[in-house]
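In the two complexes that follow, chain A is the common piece, with chain B as its partner first and chain C second.
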Partner chain A sequence: MKKKTYINGVGCISTQKTFDTVFLEEAAYNQNDTVLSIIKPDYKDFISPASSRRMAKGVKNGIVASALAMKDANTENVDMIISGTGMGCIEDSEKFLKNILDNNEEFLTPTSFIQSTHNTVGAQIALTLQCKGYNFTYVNGAISFESALLDAKMQIEEDEANTVLVGGIDENADYTLSLFKLAGFIKKEQDQPFNLLTETSPGVVYGEGASFFILENEKKENTYAEILDVEIINTLEENEVETQIVSFLKANQLQISDVDAVVLGFNGDATFDGYYKNLAENTFAQTPQLYYKHLSGEYNTASAFALWMASKIIKTQEIPEIVKVNQVEKPVYKTILLYNQYNGKNHSFTLLSK
Partner chain B sequence: MEALKLELKNKIITTLNLEDIAIEDIADNDPLFGDGLGLDSIDALELIVILDKDYGIKLVDPKEGKVIFQSIESMAAYISANRTK
Partner chain C sequence: MKGVAITGMGILSSIGNSVEENFDSLRNEKLAITRIENITTVHADVIKVGEIKKTNQELIDELQLTADNNFSRTALIGTLAAKQAVENAGISSINEFRTGLISATSVGGMDMTEKHYYDYFTNPELIKYIGCHDGGDVAEKIANELGLKGMVTTISTACSSAANAIMLGARLIKNGKLDRVIVGGTDALAKFTINGFKTLMILSDGYNKPFDNNRKGLNLGEAAAFLVLESDEIVKKQNKKVLARVSGYGNANDAFHQTASSENGDGAFLAMKKAFEISGLKPSEIDYINVHGTATPNNDLSEGRAILRIYQDEKVPDFSSTKPFTGHTLAAAAAIEAVYSVLAIQNGIVYPNLNFETPMEEFDLQPQTTLKNKNIEHVLSNSFGFGGNCSTLIFSKD
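Coming up: the complex of A and B.
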């Protein structure tokens, strides 16, 4: 019999104060900036200065978020570390590539190169924890985190691991952001103030962050939620999403009316937010609807922030006003569905239950 | 020579991201590795690149590094005697 997967610890570093707080009580909706930056924790509380001096912020954020998740779960060891990242350690990649160009392919120093690989975060966490178990990093665009989550869930189901540390990390870097702006991926400053739910312009407000989770095969007092299912689909048309969700829920013996809240990945890109609007106006019109990218910004693993948020809602049974799309309420938030896509591709469905 | 020592201290702090260390914390004769500044093998590679890039000195024999990189004093002396730029 397959084992069940429970979220027993969470840790999040984001563009909001998501550490040393209860649950988004200090969250603020920044409608003026096209790029949001993380609120930095005090790294020295988690990483020695000698170790942190070579780490880019993404690595540091990953280490801090994983440490917070482990502390939250009251655990000191994990069997596996599985990470997802869309852009990897892009800050050090930029440094390394810039060095190559500036110095005409000579005088290359090792530090940026060592830290520039996509699996740096997973590796540094493993070194910190002295975890020699399975360590895998998924780099699959907007489903990078869900790929890691699906792997972690299967490892637990198949009894390959009791405790898995799983997370999503992405960081902003200046040159990459400038290219994204040139390519029109990021909104134009003159279009502010931004309201992600009613935007008519293309592009997104960009962000960064690191969210980690302790998944275990045992339900405990401090359990947040059970992960019922995760599904990833590369391409879907707008009119196919509802059918897909119905079939996803049916596979879990559920129907639309059983969903107590739906977390939608609205990112303010008028070209592709129709995927969410269709669901919000029709399929889930009678369901509490939540959004989060106005707080976290859009990035490849922003959906890990959504999982952090949904886990907190199931545990606290409270929904902060700032994340509500509509005013529909339910007496109990038992089942939450998360749906995300980017540019009409990389669709992911995650189902949580109390 | 004093200016070169100061320049080296600055370069080491910046290149190696020694965030908590100021120029005045590094004495000219402090060991750079081990008990002194506590640099490691990756830092050694960074120092080799500094010699090559900024002073035009290519270290052919890695064993030389042990002597050259003993302290700021030894680095400055070696650079003064061998620099090509």
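Coming up: the complex of A and C.
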């Protein structure tokens, strides 16, 4: 019998106040900026100033978010560390690349090269915790985090680990943001104010963040939710998503009407939000629908923010007004489905249960 | 345990653009470490690299891509290798079974980013390359070219990346999540990595000499290799030829330093130990170890000590590093060495550890320096990366 996977601790650094809070009570919907920045925690509570100086923002946020998750789960040790990051340590990549180009490949120091490796966050957490176990980093756009989640779930099912630290991290870096604006990935200033659910313009409002989770094979008093299943599919047409969801639910002995809330990855890109609108208007018309990228911004591992949000909802049984797409309510929030995609690619389905 | 079946392989490296060409070079001691031609760098007269001697345009023509394509070099060589692997496995309908692609890369599209970084704002024609920087874009393109629609993901754990991609693929099949997975890695040479390794002062100005007392560092290389893993159900149903099996795998973290390996190779030791546990094999059953052997002072000492810890009083099997042939191909290294491991099993050959002259003074370990013919049932292959990431794979005869 395969072991079950429980979320027993969460930690979230995001563009909202998501630490030292109960939930999203201090969240604010910024409709005017095209790029959202994280609300910084007090790093010195978690990292020595000497180490902190050498670390890029993403690494620091990863360390803090993982420490929060561990504290939340009352655990001091983990067996494995599995991370996802779409762009990796882009701040240090930028720094090293600029030094190469500006100085014609001379007078370089290795620090930013060393820290630019995609698995730096997972490695630094392992160093901090002295965790010698399995340590993987996934870098595949919008499903970077779900790859880590699926891997962690398999490790627990196969009894390879009791406790796994899993997270998604992405950081913003100035020059890369300017390139994303140039390429039209990010919305234009003149199109504001933004209303993600009714946007007619292309592009997204960009964000950053780090969300970590403690997954364990044991249900505890502080358990948030059980992860029933995770599925990743690279390519789906708009009209194939419903069929996919139905078969995904069926594989877990569930049907559409069993879903108590659906978390959709609306990012305000008029070109691809049809994937979600179809579901919202048809498949899940009678289901409470939630969205989150108006709070977190869109980034490769924004779906980790969604998992944080859904975990909190199952635990507190309350849905904050600010994340509601429709006004449908349910007496109990037992089963939550998360669906995300980016540019019609990298689709992920995550199923949580109370 | 029986292990997961390997039914196809594809490879491009400095020593050849197909499995056959690579094997021919290995067997005939034809290394390919040369001056760099495809990248303009101030270090061109100092460093030697393992370079695929084809321009991007030649690769584009081979893939018959349209002029408006935005393939990075990493994606170009990756797609060619993956196509070879799928063809070699005799797959005609890619989505017939639940098929996934697990790729690995460390530089991704950095070769394009570094070439055009400051020109994007003045040359609109280049803007298409902005979206090909990230690691996931490479897998995306390979999947597209293969017509593969299912699970696609990418692992990036520096120089152990492809080992981890093979590991994940094997686990996805064992877990019943997928029936067939194309696994491997790809990394093109880039100014970024050349300068990175240069600042770390671990690039050799000559030919890399793994496990030699006078080793001076590594030669960088570029390569791509993919393998097709299939479930036993498919193998049986389609009467597939099994080239070899992935019988063991392990990943562990050294938790010592971001770039250096610990003195006793804790991570390497734990990775090998785990791989033995999974495979159910004893260390004495390994016939050949394809070591990571980058020829940096630090790696070879740490890896050697870890191997001695595994073997204790037993005899260490024949071992060699193939990096003198190809250079260190970073995220692709474990994938090309997986292909070499399978070829070693199929042909009963231990490859020579070229350039070796003087044994290391720290221990009594001597690599196999000449081509050796013998029956090989099991090969152990190590790959270690930055961030203390240590991986071991064991390949076995079907």
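Keep this in mind: the second predicted complex is superposed on the first by the 354 of 354 C-alpha atoms of A that agree within 3 Å, B and C clash if a C-alpha of one lies under 4 Å from a C-alpha of the other, contacts with A are read in each partner's own complex, and residues count from 1 in each chain.
By our rule, contacts are C-beta pairs under 8 Å (C-beta built on N, C-alpha and C of every residue); 3 or more make two chains touch, one makes a residue touch a chain.
Bear in mind the structure is a predicted one, so any value in this text is a computation, not a measurement.
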Using the overlay on chain A, decide if chain B and chain C clash or can fit next to each other. fit
First (chain B), second (chain C), both or neither touched by A:86: second
Partner, of chain C and chain B, that touches more residues belonging to chain A: C
Once the structures are superposed on A, label A:131 by its partner contacts, choosing first (chain B), second (chain C), both or neither. second
Is A:139 touching the first partner chain B, the second partner chain C, both, or neither of them? second
For A:113, is the partner it touches chain B (first), chain C (second), both, or none of the two (neither)? second
Who does A:154 touch here: chain B (first), chain C (second), both, or neither? second
With the two structures laid over each other on chain A, which partner does A:195 touch: chain B (first), chain C (second), both, or neither? neither
Based on the superposed arrangement, let me know which partner A:74 touches: chain B (first), chain C (second), both, or neither? neither
After superposing the two complexes on chain A, what is the shortest C-alpha distance between chain B and chain C, in Å? 9
Where on chain A do the contacts with chain B and the contacts with chain C coincide? 106, 108-110, 114
If you look only at chain C, which of its residues touch chain A in the complex? 41-43, 101, 105-106, 108, 110, 113-114, 117-118, 120-121, 127, 130-131, 133-137, 139-140, 143, 148-158, 164, 168, 171-172, 175, 177, 191-192, 195-196, 198-200, 251-259, 266-267, 270, 385-389
Residues of chain A that touch chain C when the two form their complex: 81, 86-88, 93, 96-98, 100-101, 104-106, 108-110, 113-120, 122-124, 126-127, 129-141, 143-144, 147, 150-151, 154, 157-158, 176, 179-180, 182-183, 185, 231-236, 300, 345-346
Under the touch definition given earlier, write down the residues of chain B that touch chain A in their complex. 15-20, 38, 42, 45-46, 49, 52-53
Given the complex, residues on chain A that touch chain B span 49-50, 52-54, 103, 106-111, 114
